[in-house]
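Some structures are shown below for you to check.
Each of the two complexes below includes chain A, the first together with chain B, the second together with chain C.
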Partner chain A sequence: MEDQMKSLLRQLVRRIPIRFLKVTLEKWGRLTVAQQQNIDFTQTKWALADELIAYSEENRLTLRHITELEMIYVIDNPNQGMWHAFQLVDPESDAPAVELMQFKEQFKSHLNELVRNVSVKMKKNTDEAVWIRIAWGDSCSRPNNMRPTYVVHYLQTPYVFVTRLTSKQKTLLSQAMIIATRHQAIKDAHLSGRNFSAIRDLLMQEYEQVFPAKYPSALVERNQIAALPNIEREQAEAEVNRLQMACEAFGGGKLPQLQSVVYKLETKFKDPSNQTFTEREKPFNCVVTFTSKNLLESLRHCASSGIASTPITPLLSSIPRRGRNYFVITDKVSGPSSQINPTV
Partner chain B sequence: MNKQQVDIFPTKQGDGRPLNMEPAKGVLSHLSALEVRARSRQVQPRQRSRVEELRARAEALTVQRDRLKAEIHAHKGIEKHKTRLNNRGAAAAEEEMETEDNENEQLLHLIARVMDLKQLLYAHHIIGGYDITKTRRGKGICVTLSTAYEGVYLETYNMELDVGPTLKISRHNVPPFIPLGELCEPAGRQKDLRGFLDPLLTRLNAFAGRRQQLRLVKELHPSVTVMESNMLCSILVILLSTPREKTTLLCTLNYTDHTRCLPTGVHFDCEDKKLLESSKWKNNRKLLMETPVHKALGAMKNMDCIG
Partner chain C sequence: MCFRRSSVWIGVAKMVPARQKSVARTPNSVVQRKSKIKSYRQSYQSMTAASRLCLTRALTSLWLNTSRTAPKSDNILDKVDPRQLASLMKTEWQLSYVTPLYQFRYTQLKSYSRQLSAFMAAEKEQVEDGATQNFKVSFSVVHGLVETDYDAETILIQIYSKSFFAGQNEHQKPVWKGWLACVNGNRDYINSLPKEFISLPLFGSSGTEALTALVKSWFQKNFDCCFGSLEINHISLQWLVALWTNYHAESNIKQLQMIWTLPVQPLLQVSYAVNPVDAWELWCSVKGDQPELVKENKVIDIDDVMRLMKGLMGYFYRLFKVDLSAGSLSSVSTALGSAKCRGQIKISNSKCMTTTLTLLTECALLKMPI
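Let's turn to the complex of A and B:
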């Protein structure tokens, strides 16, 4: 236990950039004020870790305290590693009544039933999110605190966000999760990315969505058009129209910073100039990936500036509308056009 | 006597001669003269300021009268336009002639029209109407659901629906903890728009109301600590302190009926069991069950039950 504590603390000091370390330690509040003031943040990380280990021993801190420090850091800086979204489905009638204490108890006890050696720590953030840190072990090994899984869930919502999870752990987590939240199943939401808040905002609808306005075409825009010479009038109207359509498809204002979207094509190859491929019976499989600093903003710009045609194809508008960034596209059985199929 | 009266007036007061000119009279008369002088000195500035005050007031009232007159005039104009709007057919040609003459009249006409439309919209909301816009050339509709609590408009939610053989939600910005599918699916299958929207609006309104109550608790009662709440605002745990008994109480409010703003259960936890059995706290429980929490806390504070 002692060794685990030391190595976890050492790992943490290595991971946390110096500029965040001071704030994180202050938030943690397990060191005395004098100890905090004594820390020399200019020394090497190795020496810094030694100093913190010494203080922790002096204050008789345990492994749980160090995991607490890790949680504080991860909650404040969640954009490390891939986050995957899952969706709980088929809620039981008492699902909306689940509250934090009950959830905590149920989740821990069910996970403990499934795996003997597992250590779970939960913390509720100020924005009502429940952060769960799981250190997994198995029947013969102690929980490995060096590679914990992080799970974020907002109670009463169907969404679960997970990072650092192996497929074996996924089954265990899913079971504990559906029992604790009173649902019947959980499925992959086909949304993943490095930016945690982007994924969360997209699914929780925490961004400005634009709807066909109650009062069509804003007065300001109309006045602007009237002020321009006649020749530009039609173009400007089209531009306003495109912008409206782009915003309706992708949202207005600042958009969640989604960084990639993947389309897996399982469609027949169609090109009149390439007979060999077009005549093949089997679908032509390929993967198309779009990446950008802010993909939704890029797509919105493409549509509003006329690079992408409007009305916007469901292939693109499905990203925010259905909150996912992984699609499998197959040929419709009856028609030639492609469709988006949800796949697991 | 006559002298005194004269002295009161400021015009004769300044020189102070009457006193010095009559040295023959006695000490008493001298004193009374001094007294009069002292008194009149006090009265004089007061009077002057009073006059100024009254003058300013008169001026303010005149301004106000003029403004009200103008307002009445404008209002009359608007009313005239309104009645004209209502029985438009007959007077249409004549009206147009008139309005073109005068820019001011035209403005009044527009104001009248806006007021008229606003009232119509208000009436539409009162009878439970929804704001619906046709989209995609009639293939879909966009519904606006506005929520309000205690006369204050809160969040507005939108929904785009496909109008096919059944009603289907194509996109929306309703928060994920509102069970849209469960609420809307049965009615959607029968294409019953009202049955589709009414329960949803009730839920949204109740949620907005509960959230507003939580906001008000935090804002109006800084001495009350909110220990626990959730996104749906279906649970609220607050810490209360009693000034008389010098103890703290944990109060849990459960809102299991998500279509209402009032709790379905109130539970107190306290070390002092006797306190909870007192009639005062039984009343408080009733109060919390029957009134919105921020108001109930205000009433409890007034009765000195909580600090």
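Let's turn to the complex of A and C:
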């Protein structure tokens, strides 16, 4: 068995937790029933890898089969590693008509034209997502299967999600992608995170959205803690309003799990009590990063508890509304007064 | 033995009004401030006269110095051995306060090294039956860190792992380092201690928890002292923001980064990193002077600190409508050093060593129960 195959199989066994390994191997279906039953999942990972290598040799499996195993695991457990979102822009007239076979063919052939040694594997998932695994090589070396790039594209949407990519690979991938999807350009969507489902849900707005309503009773009833009948809460109305505004800005229920948002600020400093600094021409440069286990929920809680004043500033509400978590904020010079508007 | 004193002083420190130039109120008397620096000591004096080292200290209205001066000599490298200074810098220390040490003699450091090493060997044997690791301990004095003649000199303790094979290896890295210091300690307090006691209120350690606990228990047994964890509260962290920003003229701070934690579910951390030039210019505008004058002016007042923080937090509020004071400042870092509210400090530049240690010594003295 080739060395690269063995190393890849070992790497997979190391990476996949035992509790997922059994299920993934079953889904893979490349081992016989007897082999599947014989595997001892309590042994050390090294020994387990040895056993799998032996079975793979027995079944005469190739590198392609091993990469299949990796892909099955990644598709079922996408919330690992760092994902970055891109957006396709300027569609051609026939862009909406691109269907799966055409996309697959075009993408593979163009990428092969651009890069001499590249190995591409594509798979369509049940939720209409096309998963692509790319092992990059170049004119001198074979494709490196140990550090592949995963790309996910939902046909008929302009969104593309990518894992690790060097800048050179990014250019090549962009080229292939725009040709295959019949668009003119692809740009950075400035959204990244560890949780693939979160950034996908955020971009495609697949989470519970709350719209302004005259009678927000449903939301209030769900969220209000049981109040004693003889106690009137002084701040009740204000609290309800804050909660409503917080949910309108960020969403209701369970929110996509973003980890951080970064703001690069280059705006003028204004402080009525510090005239000298306010008159300074240069902008005040700083970088603000908000980090949390679930950023959107934290921000929503900030708004509903009053730490963030309502109405919520567009800087924060842009995260779900525009689906991005990297902003460069400069002063928008419009006429005599300069306003703070997110401009990129 | 160790009394947990209620932290009344924190409340008082917050209540210091913006322009309290002339009068410092104390429960016993109204003391007129002659100069900003001396007032703290005067009010303290009126208190310690009445109540020495006893529980009523909790009632005194002590607070951190409301103004600070830069050290007399600019170059610390002239005073302190560079190698010893290097062992104090660029390491993250976990801080504790220490009550005064009974009969600690600077002449007996070699004997202490042997005693501590024997103590550690004995303790380790009790815990593990297997191979015991031998330790070599070294106590040394770091001359020159202190500013006044009533401060005790800093003690540096280093623990090396003694290996059976290698000989005396000069360049071996210690497995544990620690130090005891008192920089610009409160003169009245130190003078009020009985003769046999030495005050080295600030203790820093770097290494495993187990070794730190061993060292502390040896000190407790031999010098009848008490250790307690020293947190760096938000006022001290804000002081560090101002003190370190003030040093930008002499040494580029690269960036001023403050980290706040907001109490929401799940916990939200806000990192606010300011460009150093902008931070410095904001600081100059807060002091109300040209940069050259700010550089020469060695005195920093708490009002300046508060105005700087207000400016920074106000700018943040204007953009994000999030009130940072709803959370707590948990860490400050610049190229000169970093400090965390859990009591961790790292000093990366010798220029600010004395000012930082002065602030921390004050914190330790204030937190001490006796």
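A few notes on this one:
Just so it is clear, the second predicted complex is superposed on the first by the 296 of 344 C-alpha atoms of A that agree within 3 Å, B and C clash if a C-alpha of one lies under 4 Å from a C-alpha of the other, contacts with A are read in each partner's own complex, and residues count from 1 in each chain.
Note that in this section a residue touches a chain if its C-beta (ideal position, glycine included) is under 8 Å from a C-beta of that chain, and two chains touch if they have at least 3 such contacts.
In this text the structure is predicted, and so the values were computed from the model without any measurement.
Contacts of A:Glu99 after superposition: chain B is touched, whereas chain C is not reached. Legend: residue contacts after superposition of the two complexes on their common chain; A:Pro212 is shown touching chain B, with no touch to chain C.
Legend: residue contacts after superposition of the two complexes on their common chain; A:Lys293 is shown touching chain C, with no touch to chain B.
Contacts of A:Ile307 after superposition: chain C is touched, whereas chain B is not reached.
The partner of chain A that touches more of its residues, comparing chain B with chain C, is C. By the document's definition of touching, of the two partners only chain C reaches A:Thr276; chain B does not. The residues of chain A shared by its contacts with chain B and with chain C come to none at all.
Against chain C, in their complex, chain A makes its touches with residues 265, 267, 269-271, 273-274, 276-277, 280, 282, 284-295, 297-299, 301-302, 305, 307-309, 312-313, 315-316, 329, 340. Listing the residues of chain C that touch chain A in their complex gives 262, 264-275, 278, 281-282, 285-286, 288, 307, 310-311, 314-316, 318-323, 326-327.
Here chain A touches chain B in the complex through residues 91, 96-97, 99-100, 128, 154-159, 203-205, 209, 211-214, 216, 321, going by the rule given at the top.
Chain B meets chain A in the complex at residues 131, 133, 135, 142, 144, 158, 160, 170-177, 179, 182, 228-232, 234-235, 256, 258.
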